[in-house]
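What follows is chain A paired twice: with chain B in the first complex and chain C in the second.
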Partner chain A sequence: MNYFELFSLTPSYQLDLSDLAGRYRTLQSQFHPDKFAGESAQAQAIAMQRAAQINDAYQTLKAPLNRAQYLLSLQGIELAGEQQTVSDVEFLMLQMELREQLEGLQAAADPEDAIDKLAARLNKDRRSLSDDFESAYNEGHYQQAGDIVRKLKFYARLEQQLQQAEEQLLDF
Partner chain B sequence: MALLQIAEPGQSAAPHQHKLAVGIDLGTTNSLVATVRSGSAKVLPDANGNLLVPSVVRYQADAVTVGLEAAEHRISDSHNTITSVKRLLGKKLADVDQSHLPYRFAEQDSPLIETVAGPVNPIQVSAEILKSLAARASESLQSEPDGVVITVPAYFDDAQRQGTKDAAQLAGLHVLRLLNEPTAAAIAYGLDSGDEGVIAVYDLGGGTFDISILRLSKGVFEVLATGGDSALGGDDFDAAIVGWLQQQAGISDLADSQLVRQLYSLATAAKVALSDRDSTEIVLDSHGYQWRGDLSRSQFDELVAPLVQRSIRACRRALRDAGIAQDEVGEVVMVGGSTRVPKVREDVASFFGQQPLTSIDPDQVVAIGAALQADILVGNKKDGELLLLDVTPLSLGIETMGGLVEKVIPRNTTIPVARAQEFTTFKDGQTAMAIHVLQGERELVDDCRSLARFTLRDIPPLAAGAAHIRVTFQVDADGLLSVTAMEKETGAQASVQVKPSYGLEDDEVTRMLKDSITHAKDDISMRMLREQQVEASRFIENMTAALDADGETLLAADERTLIEQAMQALANVAAKDDVAAIEQAIKTLDQQSQEFAARRMDNSIKQALKGQSVEGL
Partner chain C sequence: MAYSDKVIDHYENPRNVGSFEDKDDAHIGTGMVGAPACGDVMKLQLKVGDDGVIEDAKFKTYGCGSAIASSSLVTEWVKGKTLDQASELKNTEIAEELALPPVKIHCSILAEDAIKAAIADYKKKNA
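On to the complex of A and B.
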């Protein structure tokens, strides 16, 4: 059973997240190990496996990047753990520039403001890539969609690093 | 929940009966026990009407006392009277700040406290508190509880959770679930109001701080994020006052443990007084030190401000992890005695932009939530009334080359969870791989908590990078981790139920269990036999119902015969008293029926969402 089937959904990048959450809650309220607290160890162990699977499916479908990657894997394009990377020179130049901004945060006159600005920039770029992915995927251009996912991964990493930088700078 | 539970009339082994379940708040400073009676949860008092049991255990040569009686001796017999033991649970001695503590620690990896009754470890001390709470419950309910839910700080790591579970086992309790304290508090409020929305639970106890962000929707509590500081609490407020007192009174040396206890009592009293007064007088007259003076609210606020700020920072981080903005939080729930401090309430209110809820006594709210959850888990409530989806508080990972940690399960992942990652060998002909399991957010191994080490052997000797090792992390609903490593080619396997080196080994628990009940006639093997018999009859009952429901459709005739034979064999040995034979028969039935049980589960998953309109979800 693939993750979309598990939730009785048709594979699609566009997903109603509150509907997905509702389906998730319906499944968990039947298969969570707590519902088997009085039953045999076997029933509990199987419930735990299934509940873990339902959680994994939900996490995968909920986050756009994971969902995109999963959709492509259903089309036979495996991007997780691959070695191939982006060859778009212009994009790579842009990434270097963004990385420099990230590293320069510490020295900024108003680091908090600089963090907000960079976060907004990353968010905007990511959204536009996300739109590109959707059209490419819907038109069946899976290889092209794969390239966009590779780019989205750069942004995911940058956003993660920005968050770490923020934690360090603002002493969370 | 119908699956595997369907029993034909007359076939059910036992008629439905009301079971006794209690919720235990095992606190740093105080502990409580609560139960649900006639639909509402109540904290159980002692004969004098006291609800709180001070988490204090006093060891004498021939007796152990717990609670108020023990607390009276915390100054006069400080070496043998153990307070705030929760702070030591699951810790290495090296992790413990001993400067505040009056105890004599044995030279051991785990903090072993020397007392007149011999050395005791924090798990044993916690077990004494649990025993005392269980005794209060049995007395009040006129019967042994069938199961308990014990609360732990959400921020407790694996070692601390395991320590709590070991303590319960040592106290002879059947643990239905470890429940995170903030989640318990949210249940206590949530079930009353029937609200929907986002709830922030700010829990500042004696020794720990937790913040949890939850979403309540259609009876499902989903923990979105949790954070905190396992070493921040009211005790630190006291310590701040003690530091100030020390300065004011010119005390340079804190070696005298009785003086230290005296200072702490004064500090606690001052802190409590300042909850509803602007100033309080402190009089110190002991051990050659005399000092008298006032501590004002504003001075106190200043002393604790950095501590409160630390908690607010954790709130900000938790909100961000949850992907929730400050103004999306519908309600803020306050838990823990330390939330009575006005500065705490003010700062929390200003951070969330609203007055926090305090209608349920902050000391009782966790125990009440635990009792409600225990009542559900033990089966007294009808199906589907409430479900908790909790998360891992800290990231779990594995050591890789160069002393770095590769995260396998990030913090705030919903549990239960199973996740696998692949690694390769780094030397030609490598036949073994050491697996080092860590918990924490930092990148370097040295900055994270080491949980376990084990070795996978029998890897076929191949070129570097050619062997593929799949490491699977599994966290159950209690938040406890087990790790399996497998080489894909040969299927060579190694696994650990993560037991930290400074916790207790299983045989240690068994030994202590034996020690603790030798005085009673109820010997350990009897108890194990009963446990196995209960499991056997539960298994047979479940399986009979399962066969009746789905045996026809999901099993071939020969598959069914194998299962029925195994059931019969189990029924035969369960009537006798050979524990090992029962265990073996359970294992056999388990093996024979695994596939069937999995098919049933998958089948019902397929059915679960059928015929439901989107609006109905």
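On to the complex of A and C.
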């Protein structure tokens, strides 16, 4: 049973997150360890395994990048843990520029404004890639969809670093 | 995770950081590669003499300590080598020299691929 089937959903990139959260809570309560307190050790072990699986499934499906990666794994394309490198020069040049901007935040006249601008830029790029992924996936262009997921991973890293930079600069 | 002394040395005192002024110069080959697994980006440039020997190399890497050390090390290694010799460089040699743990092997793959991309770019320019 795949993660979508676990929640009685059909595999899709578009997902209603509050609906997914509701399904998750319902399932979690069905397999809550307390409900199996009086049962055999075997039944308890199965329930615990099931609860862990439900949790994994939820964590995977709720985050768009993980969901995209999972959808492709269902099509036989494994992107998790791959060591392959990419050599799309134009894209990599842009990534370099964005990293340079990130590096320059500290020296900016108004760091807070610079952070907001960079965050908006990253958000816009990510949304556009996310839309591209959805089209490619829905049209069955899985290799192309895989390349988009690889690009999205660079943005995930950038956003993580921007957040770290923000915490440092604004001294949270 | 504990970094080896060699990684720390290259990370704290990276060799050959930067880029060549004129990237359109026919003597310069530029390689750009990225690793989706960790979001690292590496640019590596070679300056090749008329005799086909690599005179100088520079790099710019955004990534972890191992990625920076791997690129710093290969820029040292390729100097004085011919393009053919440089293209034989294997990521395993980098990983071994820096004592990279298995989770950081992709950093050495990145450096190997960057050298190959730079050589390919140089050959394309001079075809």
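The rule we apply is simple: the second predicted complex is superposed on the first by the 159 of 172 C-alpha atoms of A that agree within 3 Å, B and C clash if a C-alpha of one lies under 4 Å from a C-alpha of the other, contacts with A are read in each partner's own complex, and residues count from 1 in each chain.
We take it that a contact is a pair of C-beta atoms (placed from the backbone, for glycine too) under 8 Å apart; a residue touches a chain by one contact, two chains touch by 3 or more.
As the structure is a prediction and not an experimental result, all values here were calculated from the model.
**Student:** Considering only the touch criterion stated at the top, classify A:E78 as touching first (chain B), second (chain C), both, or neither.
**Tutor:** Once the two structures are laid over each other on A, A:E78 reaches no partner at all.
**Student:** Would you sort A:F7 into first (chain B), second (chain C), both or neither based on which partner it touches?
**Tutor:** first
**Student:** Which partner does A:M93 reach: the first (chain B), the second (chain C), both, or neither?
**Tutor:** second
**Student:** A:Q42 contacts which: chain B (first), chain C (second), both, neither?
**Tutor:** first
**Student:** Looking at the overlay, does A:D131 come into contact with chain B only (first), chain C only (second), both, or neither?
**Tutor:** Neither partner.
**Student:** May I ask you to name which of chain B and chain C touches more residues of chain A?
**Tutor:** B
**Student:** Now for A:E139: first (chain B), second (chain C), both, or neither, which partner does it touch?
**Tutor:** In the superposition, A:E139 touches no partner, neither chain B nor chain C.
**Student:** Looking at A:E112, would you say it contacts chain B, chain C, both, or neither? Reply first, second, both or neither.
**Tutor:** Neither chain B nor chain C is touched by A:E112.
**Student:** Residue by residue on chain A, keep only those touching chain B in one complex and chain C in the other, then list them.
**Tutor:** 81
**Student:** Quick check: in the complex, which residue numbers of chain C touch chain A?
**Tutor:** 32-39, 41, 43, 60, 62, 105-106, 109-110, 113, 117
**Student:** Can you list the chain A residues touching chain C in their complex?
**Tutor:** 79, 81-89, 91-93, 95-96, 99, 149-151, 153-154, 156-158
**Student:** Give every residue of chain A touching chain B within the complex, in rising order.
**Tutor:** 1, 6-8, 19, 21-23, 25-43, 46-53, 55-56, 58-59, 81, 163, 167, 171-172
**Student:** Sort out for me which residues of chain B touch chain A in the complex.
**Tutor:** It is residues 1, 3-5, 147, 176-177, 217-220, 222, 313-314, 316-317, 320, 376-379, 383-384, 387-389, 413-419, 422, 474, 476-477, 535, 538-539, 542-543, 586, 590, 593-594, 597-598, 601-602, 604-606, 608-610, 612, 614, 617 of chain B that touch chain A.
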